[in-house]
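Two complexes, one shared chain (subunit A), two partners (subunit B, subunit C).
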Partner chain A sequence: MHATFNRLGATLGANGLLILFVIISLFPVYLMFITSLKSQAELIQNVFALPRNPKWGNYPLVLIERSYYRAVINSLMLAGTVTIITIVLSCLAAYAFAVYDFVGRQLLFVLVLVGLMVSEVSILIPVYMLLKSWNLLNSFVGLVLPQIALGLSFGIFLMTTFFLQVPKDLVDAARLDGCTDLQLLMRVMVPVSIPAIGALAVIEFLWTWNSFFFPLVIATRQDLMPLSVAIIDFMGRFTFNYELVATTCVIMFVPILILYVLTQRSFRRGVTMGAVK
Partner chain B sequence: MIDARGRLGPYLFLGPAILYLAIWVYYPIAKNFYLSFFTAGASRSDAPQFVGLANYQRLLSDDLFFRALMHNLAWVALSIVIPVVIGLVLAVLLVERRARLFYAAVFFLPVTVAPIMAAIVWGWIYNPTFGALNQFLAVVGLGGLAQPWLADPATALVAVNMIGSWGYYGFCALIFLAGLQGIDPEIYDAARIDGANSFRRFWSITLPLLKPTLVFVLVYTIIGSMKFFDIIYVATKGGPDNSTQIVAVYMFDLFIRQGEQHYAAAMSMVLTAIILVMSLLVIRNATRRT
Partner chain C sequence: MSGPAERVVVKGVEKSFGRTQVLKGVDLEIDPREFVILLGPSGCGKTTLLRIIAGLERSDAGEIRIGERRVDGLEPKERDVAMVFQSYALYPHMNVFDNQSFSLRLRRMARTEIRDRVERAAQTLGLEKLLDRYPRQLSGGQRQRVSMGRAIVRSPKVFLFDEPLSNLDAQLRVHMRGEIKSLHHQLGTTSIYVTHDQIEAMTMGDRIVVMNGGIIEQIGSPLEVFDRPKNRFVAGFVGSPAMNFIDGTLVGTSSGTAFRTTDGRTVPLGPSAPPPGPAVTAGIRPHHLRLDPTGPIRGAAIDVQPTGVETIILCRWNSRDLLAQTGERIRAAAGEQLGFSVDPANIHLFDGTSGERLAA
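Now for the complex of A and B:
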């Protein structure tokens, strides 16, 4: 009897804890959405509930009148370009690591892994100077180039572990059929590794979309700012327009939310593949 | 012909990536190290002057740097005690549930929210006039605890860490869940037959077998906690009264606002070295005991 009560208590406790964390996980996101639809006055009187008269007009106001559609385009272009280039460079390098044994393989792989521990903070100053001397500050190319470097090591690492799992027989058979390296990569390795490439793509896109540190320093001109920097810039000028700041946040979050809902498995794979090896 | 391709092939494929890393990662690190031994000339047109270790000596007597470093270390500790432990507990609760992927997906949602956005939204939650937290405390009869969480030096660091924790426990839960699912269930059955209770099973089976995953999460947490920037920059800018100042924000300020690039370079060099040493210590300790 006592044991059953204990079990019951444990189950209740476990479910309670899980539900508590569901609420904690969702509440700030919910708050962001409802704040974007409220008026200043309602914000203070009525914190938790849905807005009484949703102000949908905040969205066209921010997107069109305040030209935030430009930041959306900037972010899409930035994250898209960085993701594509990262995938191409990662697959090429991973192919060499996975298929060949060559002089310096170990050393080069360690060098790539070192890149995993390097943060934006450690390279900010020289990167800034480099971009300045090449006249790339406040340019799209200047935003793209250093951003790729931040995820490239992860990409190579991820794709190498995946390419190594491709059965050797498959590689040998393709070789016997007279496949060149490029054909082997494009017709065998890449098609088999679509799940891994998808995982890398969504993670890289998310990282770049949410990135802030480099863009903050590199894009100081408003028409070049990606959403992350544009929101902080907006906040600096309209600190107390909470509902409009919330609107910009929702605009930044919705594309990620859609991506997340549609490609959940890829997200899960991307996050856990790097960790559990 | 085939042989020649065999010898050149891998380098051709590696070339672009390595060249890329060389320009944007290895060279900047070397350059950063180099810069840290100089100081700006007296006027803008003067060349930088070599000063040896002077920038590093200045670091040793910079109280704000040590305060910032302490806050980073406190952030490491808080991040291990709060989101990592929560993530582990959630993963253990989830591993045998059918709906585990649904829960994991919900818990992971905050991880997809940009840190700057988390900082903004939590800034509202903590707001003393219309903040949800104080209002919630009032509703449950704890109104006396209400305070300006981010504006009081006594609570600011922990309050701001909660923002980071919110965006991190879902990540930990997902990774621990994957680690737990990799453990053979038969080991548990054997232990159950031997009469081991659930706590005992967790302590002597789950934890040891989860070690590689734990090491990964610890190293990842350390690196993340030492280098993070976004949340502090947006939520408090290091204030009030430097109570949430961290190395990355201090360094950014020195470089961008005060133009002290050489001193800032020395600071980021020390930060990089500390991250490296801490990570290696965790990894070495973990591999020695097995």
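Now for the complex of A and C:
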């Protein structure tokens, strides 16, 4: 009886703590959402209160009248392109690391891992100079290339870890069945690694979607700016019009939320894999 | 569905992993349609040899021939061999039909031909109703059958089995042993089967290749290997429970040569025994020891294990363990003195130094 009460107490305590964390985590999202539905006057009166007359008009105002739909499209294009190319290159490199035993493999893999430690800000100026010399400033390619380079280390690391967990017998069976390297990758390794690819897609998309420094420096033309940069421009021009900034934040937040909900199962499996065999 | 059965020749094959040499010049010839078992303890090189034949490992020296063709420089897919793995190695994202037809689709075979071959294989293995299922929806035995189906649809020249029954429970293993054997009779494809299970080796193979430490110790039919082991290793490894070994010397008596144990007991040998000489080891299989109160072999009972079918008796004799196996149901208290005798024809003699069989 005593043990049952103890267990019940522990469960209630643990769940209570989790609920507290959820409230703390979701509170900024709640604040952002209700702010996006308020007028400026209502916001000043009480920041935390629910809107009396929700101003849904803030959304068409930001997206259409202020032409932020263009920035949304730019962000989707940028994040989508970077995600696809990073996944393709990561899979190809990871396949070589996982399947082949070549001279210098370990050293090369360590170099890939070193890439994870490089700070974005520390390479901003050299990358800017490089892109300038290649005439790629203010271009879509110029925006895409650094993001791919920044994401590849993590992508290769994640996919190599997953490919190494694919049973060796499966690779051997595919070779005996007649697979070439490309067939082995595309018809065996990739299909069995869907959870890892899903996780990589979400993480890459999120990173690129939220990327700020590189797009800020590389894209100064309004028609190229992704939403993460355009929002700054917006804040400056309207001298901190909080409800419109919150509206833009919600617009930035929704695609990530949808992507996460759609892929959350594989995402969870992907990010926890490798922790245990 | 059977392919053209081919001879497999392995000549002087060597293989090292780092500084460890796992194959030390292996020579082996396997006849067309033959079912050969590679038997040996863990680390003896049997799986490495199988993988070299499959092309999944490269040998450091030697050659492999399948039929008239030298294949050791070829990719696995070019060797026309199929392999059944211990772990089944089924593609988890494909259903049974796709798993079985994968190699045929890679070869761009016509759809009707693929369907025909897969259906015939499924019929042979009793998988007709499982073609739409995924590996995770199958039992261990069904998975292993799918794995065999994947091998037979290709009509390969050689089947390679890498401990295919190790993951199955005892009952299913007996059933699958029969299935593999009847499949071999039906298809007649040259087969090489790796195992460390002696029952599988004894019951399935036309010939057994006993390996140890990267070399072949003996090649022969199952009963030949069991009845006339070439050396002490083979004698000790083949047969369960393992053979008893007793050290001693060969001495001359009025009735011919006899074996004298280190504690001075004498066991008469048959007329074909070698002449008296230096140290030897006598090997006696547990089932050849007969309970005989006046017998020359005497030991104190340690444990008596009735299995229902037989009784296994563990004794202590001359400071070493002695196992006897008898069909009788006996009872003996711990420490009780038991006597055994043995037919001289059932005593195997091995050289005390080299361990090689002495003519007997």
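Heads up, the rule we're going with is that the second predicted complex is superposed on the first by the 246 of 277 C-alpha atoms of A that agree within 3 Å, B and C clash if a C-alpha of one lies under 4 Å from a C-alpha of the other, contacts with A are read in each partner's own complex, and residues count from 1 in each chain.
Criterion: a contact is a pair of C-beta atoms (placed from the backbone, for glycine too) under 8 Å apart; a residue touches a chain by one contact, two chains touch by 3 or more.
What you see is a predicted model, and the numbers here were worked out from it, not measured in a lab.
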Quiz prompt | Side-by-side fit of subunit B and subunit C on subunit A, or clash | solution = fit
Exercise. Considering only touches as defined above, state whether A:25 meets subunit B (first), subunit C (second), both or neither.
Key: first
Self-check item: Partner contacting more residues of subunit A (subunit B vs subunit C)
Solution: B
Exercise. For A:120, select first, second, both or neither according to whether it touches subunit B, subunit C, the two together, or no partner.
Key: first
Quiz item: Touch check for A:191: first (subunit B), second (subunit C), both, or neither?
Solution: second
Exercise. Name the contact category of A:178: first (subunit B only), second (subunit C only), both, or neither.
Key: second
Quiz item: Given the touch rule stated above, what does A:169 touch, subunit B (first), subunit C (second), both, or neither?
Solution: second
Exercise. Go through the superposed model and pick first if A:242 touches only subunit B, second if only subunit C, both, or neither.
Key: first
Quiz prompt | subunit B and subunit C, minimum CA distance [Å, superposed model] | solution = 6
Self-check item: Contact set on subunit B toward subunit A in their complex
Solution: 5-7, 9-11, 13-14, 16-18, 20-21, 23-29, 31-32, 35, 86, 89-90, 93-94, 101, 103-110, 112-118, 120-122, 124-125, 129-132, 135, 166, 169-171, 174-175, 178-179, 182, 212-213, 216-217, 220, 223, 226-227, 229-230, 233-234, 247-248, 251-252, 255-256, 261, 264-265, 268-269, 271-272, 275-276, 279
Self-check item: Residue ranges of subunit C in contact with subunit A within the complex
Solution: 51, 54-56, 75-77, 81-83, 85-93, 102-103, 106-107, 150
Quiz prompt | Residue ranges of subunit A in contact with subunit B within the complex | solution = 14, 17-18, 21-22, 24-29, 31-32, 35, 43-44, 47-48, 89-90, 92-93, 95-97, 99-100, 102, 105, 108, 111-112, 115, 117-130, 145-146, 148-149, 152-153, 156, 181, 185, 206, 209-210, 212-213, 216-217, 228, 231-232, 235, 242, 245-246, 249, 252-253, 256-257, 260, 264, 267-268, 271-272, 275-277
Quiz item: Considering the complex alone, what residue numbers of subunit A touch subunit C?
Solution: 167, 169-170, 172-179, 183, 187-188, 191-192, 194
